[in-house]
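Pasting the structures in now, so scroll down.
Same chain, two partners: chain A is paired with chain B first, then with chain C.
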Partner chain A sequence: MSERYTIPEASVGYLLQELAKSGRRVLGPKVVAGRIEITNIKSFADVVKHGQSVVSAKGVVFPKVERLLRYRFEGGKNIALDDVEPQAHPTVLFGLRPCEARAFHALDVVFNWDSKDKFFNARMANTTVIALSCTQADESCFCTSLGSRPDDPQGSDILLSPLNAGGFVAEVVTEKGKALVALANDAFQPLSGQADVVPPATVAAAFDAKDLQQKLAAQFDSALWAEQSLRCVGCGACAFVCPTCVCFDIQDEADTKQGQRLRAWDSCGMRIFTLHASGHNPRDKQSQRWRQRVYHKFAYYPERLGTLGCVGCGKCSRACPVDMNLKQHLAQAAKSATLG
Partner chain B sequence: MEALKSKAQELLAAGTVKVVIGYGKGTGENRRPIFVRTAERVADLVVDTACTQNLATYLTKAEIRTLGRMAIVAVPSTLRSILQLAAEKQLREENILALAIIDGAVRELATFDAIEEAVATVPDAMGEADQKMIDKLTAMSVSERRAFWAGELGRCVKCYACRSSCPMCYCERCTMDCNRPQWIPVASHALGNLEYHMVRAMHLAGRCVQCGTCGTACPVGIPVHLLTFFAEQTVRRQFGQKGGASAKLDYAMSTFKPDDKETFIR
Partner chain C sequence: MEANIYKPYLMRIAAITDEAPSVRTFKLEFTNPEEAAAFTFTTGQFGLYSAFGEGESTFCIASSPTRSKGYIECTFRETGRVTSSLADKDVGDIVGFRGPYGNVFPLEKWKGKNLVFVAGGIALPPLRSVIWNCLDLRDWFKDITVVYGARGVNDLVYKNELEDWGKRSDMKLVVTVDPGGEKAGWTGKVGFVPHIVEQIAPPAVNSVAIVCGPPIMIKLTLPVLAKLGFGKSEIYTTLENRMKCGLGKCGRCNTGKSYVCKDGPVYTLAELEQLPAEY
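Here is the complex of A and B:
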């Protein structure tokens, strides 16, 4: 059962100070060069209260490039292997949108599916999320189509919801959240009963995710995917801004003396993603790659991992250079049971 | 706009073309590429000042080519792309018809010669803001410039939206994707990002039509188009030849002329 507090707006600065004092880095959405980035937050004034960052906060637990191991050639067949320990600096993500907070679960189910990924887990264990309920949304948002809502506490350690009179209700959801409250007890006042919160953003449901999953089962060979993906140019913008896209590439960078093994973000939208050494490509057409993106998130994830591979944040739609709007495409797929 | 719609209607109804590549309404105020294949869908076409993306990138895509003869709604940079692609033997004249939007009017251009003539009448200077930024960068010291680009490219995630949106980046196998040998680090670290953008700029020198679509495509707002613009400007200055000016030009960077002004090359 979660605990509820109120926190006056004036105390948020104190909370941020105490978090920094405890040795944690505090990251959150901030405007940098005209765009919202997840970056260092020094004061509450830095935090952007509405709108989505372009790139998600995923990089905090799954960086765009990370070193997994190093090796040295020591003559003959001797190779010295050096394990790399994860850099997992204690981190607080402050003012994150609730959808992004939920996204960490979709990463977790993959990174702990069979083997336990020590890099991801070390970072995740050291990351605490203080999310901020959305009171505004845009045409790309579709959390409500996926069974969530703009003030969904799931995935957050603490969820802040703005009060009409100023300040916030703080819903402390997890033990990690409680540990942060303990660092700045004076900022939190226990709340019992109702609170007069600003109404959450209105996000009309465009489709139903369960219904979509059922429809997808019969639409694998539909002409819909070719139709929707005609304008797709096959870049990786959607996957790289996505908070749940988890695919990665393993790359060795080496010279004659030493080398390192890196893990880097990858995208199923790119032609080379499934290109075999033989030259054969099982997903040779952009329509097959687009279908894979949709099915992976909305059919295979729920089937195999018990969760959706999407949180409805809409970052992919906003980042797409050719305006592939995921919400519209999914709504179309959910509607068109017979097309093709 | 009505003139474009009636032209598109006529072409599709007569079977002169199988697809009209144009702009349609997108999310919010956005415009998005659309592919009109039936006369009934002609109403979806939109032409206004928000239609800036260079659609020529679709002319070399296999999925679009298989649709049949293409008409393309072409802003001036699209026309230049068509000429450059033709010069590089990537387009056949009989497969393409340009519906040029010049000063608000629609003109049907069926031959490369006609396109060349039309392009010659349109100024091709880059926008004022871009010119200002290039002047500012040019005036910087090497270390200042290096710091500027290190900052900008630090945001790059190597999604390749710039490459995928560029009409001139049509290679089936890009050097970036080559791993035997691996010329450029795949990972999006400082070196990998720098080498990718430098190589792309060099490869666009003398071929860039200055549409700026790569810069617009970048989700994190890196002005990558300034790199290709600068490379293009340099070739124009050194060799007096413009990317996208003609379907008959040889590529300046791979052509030897006995009267080259540099003595070392003779």
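Here is the complex of A and C:
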């Protein structure tokens, strides 16, 4: 059962200071050169309270490029492998949108599907999420279509919701969250009973995710996917800003003395993703790749991993250079009864 | 310290066999004797082989677990960046191996049945493992037939083993080359694999067929097998989707709800028909 506190706005700065003093990195949404990025924040004034960062916070637990292995070419034919330990600096994500907090679960189920990825796990174990309920949303947001809401505490260690009178309600959801409260006890006053919170943003549900999943089962060969993706340029921006996209590449980089094996974000929207060395490509058309993106997240994830591969943050739609809008496309698929 | 699931075994190339133009077989021995002793695999499984400095590439284990103790063999064609680098290596050089990954050929299920192996070109290596495995358990099965075809005589892989198999009285081997691929003294068949399968017409009763080859060969062989009466659950194949991790994480081999690295690479035709044709 979660614990509830109130925290005055004036004490948030104190909390941030204590977090920094404890040796933790504090990252959150901040305007950098005109766009919202997840980056170091020093004060509460740095934190952007509304709107989505362009790129998600995924990189904190699953960096854009990460070393998996190092090796040295020793004298003669010998090669020495050096194991790599993940750089997992204790980190607090402060002021994250609740949808992004929920996204870590979708990464977790993949990185721990039978075999355990120690790189992801070490970072995740060292990351604590203090999310901030959304009181504003835009037309690309669709968390409510996926069974969530703008003030959903799931995935957060602590969820802050603004009070009408100023300050926040802090819902402490996990043990990790409790550990942070303990660092700045003075800032938190126990709350019993109702609190007068600012109403969460209104996000009208555009479709129902379970209904969509059923519709997808019958629509694989629909012309819809080609129609929707005619304008797709296969740039992969949707995957690179996405908080749940987990598909990755592994590449080597080396000189004559040593080398490293690197993991890097990848995208199923790119032609070379499935391209064989022989020239054969199982998903040769952009429409097949767009369909894969939709099915992977909304059909295959639920069936194989018990969760959606999407949180409805809408970052992909905002980043798309040709204005493809995931919410609208999914709503169209959920409405569509055609099997042609 | 938690294990690094991406860390390969270091393997020393103990022998290299040139099989066909651009096609080579490596015998790979573990550099660490403890790893060699602990390593086991089952026929049908695959791994990721690395040329350090270039990257990793996915191939089956081409040797049979009944024969290769403490080592594995792989056969590859020089095609891309990694396989080109592997092809440059000499005996004694070190490469990486991660595995074994994936599911297996269900030999227990095939007990008491006739086995018909159909392979084309560079697709004999994945079947070579299971063919040797079945020959080493010879009394488990009834008739064993192998149909193998390649473009030309030079393109046939495992030429010495084909000779051995041809001499065995406990199996039937039919080797064919595409029309125009024969040369003087060729005593095998001339014709495309699907036609040859039709010609020799292996009985379908109490039989399983294991088919691996280029997509066009598979596409044309399946109707022949269906005509002969092979059921969709009695026809097996092994897929080769591109992979990066082999562990169900990188997303590359995902086809429909299936992950070739975890649910495959071995599928029955009945299972394949449940998947989109993205392989």
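Brief remarks follow.
We adopt the following convention: the second predicted complex is superposed on the first by the 339 of 340 C-alpha atoms of A that agree within 3 Å, B and C clash if a C-alpha of one lies under 4 Å from a C-alpha of the other, contacts with A are read in each partner's own complex, and residues count from 1 in each chain.
Convention: a contact is a pair of C-beta atoms (placed from the backbone, for glycine too) under 8 Å apart; a residue touches a chain by one contact, two chains touch by 3 or more.
Everything quoted here is computed from the prediction, not taken from an experiment.
In the superposition on chain A, A:224 contacts neither chain B nor chain C.
In the superposition on chain A, A:251 contacts both chain B and chain C.
Once the two complexes are laid over each other on the shared chain, residue contacts for A:265 go to chain B alone; chain C is not touched. Once the two complexes are overlaid on the shared chain, A:216 sits clear of chain B and of chain C alike. In the superposition on chain A, A:77 makes contact with chain C only, not with chain B. For the contact definition in use here, the residues of chain A common to its chain B contact set and its chain C contact set are 249, 251.
Against chain C, in their complex, chain A makes its touches with residues 68-69, 71, 73, 77-79, 81, 83-85, 110-111, 113-118, 121-122, 220, 246-252, 254, 259, 261, 263, 266, 268, 273-278, 280, 282-283, 288, 292, 295-296, 299-300, 303-304.
On the chain C side of its complex with chain A, the touching residues are 1-8, 10, 12, 50, 52-57, 79-80, 83, 92-94, 215, 240-242, 244-245, 247-252, 254-257, 259, 262, 276-279.
By the touch criterion stated above, chain B contacts chain A in their complex at residues 26-28, 30-35, 53, 57-58, 61-64, 155, 157-161, 163-165, 177, 185-189, 192, 213, 216-217, 219-221.
Residues of chain A touching chain B in their complex: 33-35, 37, 54-55, 64-65, 138-140, 226, 229-231, 233-237, 239-241, 249, 251, 253, 262, 264-265, 267, 270, 272, 285-287, 317-319, 321-323, 325, 328.
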